[in-house]
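Both complexes below contain chain A, partnered by chain B and then by chain C.
Our next item is the complex of A and B:
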């Protein structure tokens, strides 16, 4: 019997804003789906677009990058650099034939626990609707 | 060398984790991971027996790396790293798997929470396996403190740091220190005269050899990090030489520009050259250039003429703003509060009817130095009001339309205001509309009870629906929920207890400091219970109502606490920084230089001889933005390499 598809989403959260926001959602006992597993990075600016593509090629169905709101970056403007790279990344996704909805960039502050929960809920729903990416299998078949 | 003998410790956190996550199952699955030689659970790993368990296991099982699956790393990462270090390992051989804040607390389904906990643990195992042992980077500490905001919080903090032996810069935006407390008439619950207890402290600040007061000043730019901040402060000129001015007031007498006096909330007038209030510190006049008829070119100059003729020739109309470049090790933020804009509460008619006032305006009226010299008068016609209505929680505890929170002090000062009214107008009648009486604090409940009983105040439990004017009276329509009846009071004066909001510069300042704000715009603390004096940004400490609404005793306590935190930081000439910084793999670097302008800390440079990028470890903050930009993959972040990130990704997506 086939079980319902549960997407696997990798979350790259900056430690100062978004990881703290995710913690706040926990402290306030807000509920959200368990599909996003977070990796804590110092700044969203650490996330090289190739890391996102590699994560998808390794088997992730979606990638969430979350950082501080523009102007609030702990490292002055790392999030702005992320935003620029993200725009390029989106174009690359198109070329790979990967739906843009699978990779999201969100601004979540340390006070926005509810926003984080909401982002996880909506992204999980979206990626679930898109279905499995199966890039790993495709890469293996091609090789 | 990748870790070969990893130990995994999983915390129950009582039922906080174990209530949702099947801990034994997570232990079982962790023990099957490659290189995991030991896995165990414990009810409270942060407790002494829990810590001993980790320490003993490292030794007995010859572990070379440890994963602790428990609460968020924001809580106890330092605790567990210390434990691992005390057991003889490098402190970076320890990773935290967050299975509480981002696990058991956010997932109801036990199966899903257990699976996610397992994946999170596996992810941490992969990371710790590839961690390299690191030694903290030692940097010197600039042993000076900047205090931003010269209200009672800033005053207390500055004095405590200065008395502790270190230099303090106190930056204040207005022409005097004193802040909100200087505007108050009396303080609850002891009815101390506010200025009488604040004044001596203000003078002490002014005279203290270790405190440099920068008034009319604003923080323009902040760079650096804990122990080594560089702060640029812009200071407007006062145009009056403080050393010479004897506050004779001849200048103000001839000044033609008249404008509302902010100190009296616009209930009185002041000149463009003025002293904010009689006890202002520094005790000198100050010229408000924005409202002066003109300085460039000079339009009037009457004040200077008067001063040269009758006074001390202390006015210099050609003064220029100054920029100060300060170097400090710690910053204490005490920027205080403002009042919520009462005109937004249209049902109460503030701003439409002159006899509807805010509690702070009423406070000024009670003050002997206020617009009416302490007499209670209606602003509209100057008559003494007989019937007065106080509306508590005005625009507060209203998440839909105004402020969602309680400002904590209004129950207390409203009781004091009503009591003072009855004292000054013995035949008057005072009504207080309230939702609850929140009088938590030493002597507070007794104070409110005393006001109510001795002074015969009429407390009505309920909200006011509308205030409107009719026949020179303010008609207050509300409900008394205890009797279940609607109430109408024909009042002469209505006082609104509007809430406290962060001062208007807070957001801008927070961006400069890289200090986060909470949902209501107040400064966030590093931990609501255990680290209430610190911002999450290291080296920045919080005091007073800029962090949350609070009364004077709490503010003073927090200010002294923040000062002692700053003194703690300054007590050593050096401090240790996280060594998780960027590194260059020299042989891969092509010397393209793309990374160099991206670094916000100028930590990267191109070695002119080898043409290879170099990282200054003392400057690098470890954000990693250079790494993401490197086209040849020669930059890496210590203990968060691409290899580690991908290993973590694999650990969580693999089935």
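Our next item is the complex of A and C:
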């Protein structure tokens, strides 16, 4: 029996805001899809674009990056650096032919459990509509 | 003393790597005391049959340059591998895909359409495209199959060592060949003839504060020859590129384009450069950042100019 497509989304969450926000969503027993595998990083500024590309090339259907709101970064401006990289990365994703909706940057504070749940819900829906990325297979088929 | 048997060969390449070997000049003559060149189609009359007729393992060291873009390249890579004790991916194309691998941003159909139909100088009224087999009165003719995705040498055969560069710099070529002939041999998989640190470490330019308010392309300006090019808004691949080339492009007031490939522990040269460049954008607001990001023309072609085939994504969606 064919099962419905469930997207695999890698979530890089900053330790100070977004991971705490996700924690809050959990402790408040909010309901949201389990498609995002959360990885805690010290700062969203730690998210090298290479990590996003690696996730996509190894089978992720989407990547969520979440950090503190601008001005709230624990390391002053790590999140702004992420924003700069993200904007340039989006342009490169266009060239790769990867839909921009597959890689998302969101600001989620430690108090925004509901926002985190909402981001995961909407992103899961969007990526589910886009379908599987299957990058490795695409590369192999284009030999 | 038995001489070391050396072979040179090329695949999808421009011939620049062969010139890099000629650059050895008189050293090449001295080398002849220690080595026998038993296969080198670029300069002497060797046929593939000569190579195929050799017993396996005949060649001590084979240096192959060029990317793998068609079935002929792949075939000869496999034959050379079988005949050689050591196989070296020589130059940016064999190691990383090089310039030919920019073809991975398109595909075979588009390349054929542009080369055989669309360019203004092409006259092809019957729209004939290359066919691997063609029937003629004299019999069947065949040409190699053209691949949609360009590969590095190590994506088709096992490779022992890598020598980066487009082309590898002369001094490095001579020390690499000496090392391979005289030993001791480095560990398998080593990148030879290059530094373990980024090009910035050997760059003589003055670095003050890394900030870019505006991206400038090389044809739009004559840069200050003393100051860091990145600080002048010119995209220089130095921070994400292995050194060892003696920064010759920078001495000529041109930015590094990245031909020495990624740093030792970097898995993706372009991603690293994207990261390095974007983080020094002198912009804080959404709009300012967007404007700077938009002014980077062709991120893939810039950041992966030489390393597309060895990048994480390897190609664009076909």
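Everything that follows uses one rule, which is that the second predicted complex is superposed on the first by the 139 of 143 C-alpha atoms of A that agree within 3 Å, B and C clash if a C-alpha of one lies under 4 Å from a C-alpha of the other, contacts with A are read in each partner's own complex, and residues count from 1 in each chain.
What we mean here is this: contacts are C-beta pairs under 8 Å (C-beta built on N, C-alpha and C of every residue); 3 or more make two chains touch, one makes a residue touch a chain.
None of these values were measured; they are calculated from a predicted model.
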Request  = Using the touch definition from the top, say if A:127 reaches chain B (first), chain C (second), both or neither.
outcome  = neither
Task = Kindly classify A:22 by the partners it touches after superposition: chain B alone (first), chain C alone (second), both, or neither?
result = first
Message = Once chain A of both complexes is superposed, is A:39 in touch with chain B (first), chain C (second), both, or neither?
response = first
Key: First, second, both or neither for A:141, with chain B first and chain C second   = second
Request  = For A:59, select first, second, both or neither according to whether it touches chain B, chain C, the two together, or no partner.
outcome  = first
Task = State whether A:48 touches chain B only (first), chain C only (second), both chains, or neither.
result = both
Request  = Have a look at where A:81 lands relative to chain B and chain C in the superposition and call it first, second, both or neither.
outcome  = both
Key: Which of chain B and chain C A:119 touches, first, second, both or neither   = neither
Ask   = Same chain A residues contacting chain B and chain C, which ones?
value = 48-49, 54, 77, 81, 85
Remark   = As the complex stands, chain B meets chain A at residues 72-74, 98, 100-103, 105-109, 112-113, 115-116, 119-120, 123, 510-511, 514, 516-519, 524, 536-537, 580, 598, 600, 621-625, 627-629, 637, 640, 642, 645-646, 648-650, 652-654
Inquiry  = Under the stated contact criterion, what part of chain C meets chain A in this complex?
reply    = 105, 107, 147-149, 266-268, 270-272, 274-275, 277-279, 281, 283-284, 286, 289-290, 292-294, 296, 298-300, 303, 311-318
Ask   = Along chain A, where are the residues that touch chain C in the complex?
value = 48-50, 52-54, 56-57, 77, 80-81, 83-85, 87-92, 95-98, 135, 138-139, 141-143
Remark   = The answer for chain A against chain B in the complex is residues 8, 10, 16-17, 19-20, 22-23, 25-27, 29-34, 37-43, 45-49, 51, 54-55, 58-60, 71-78, 81, 85, 109-112, 117
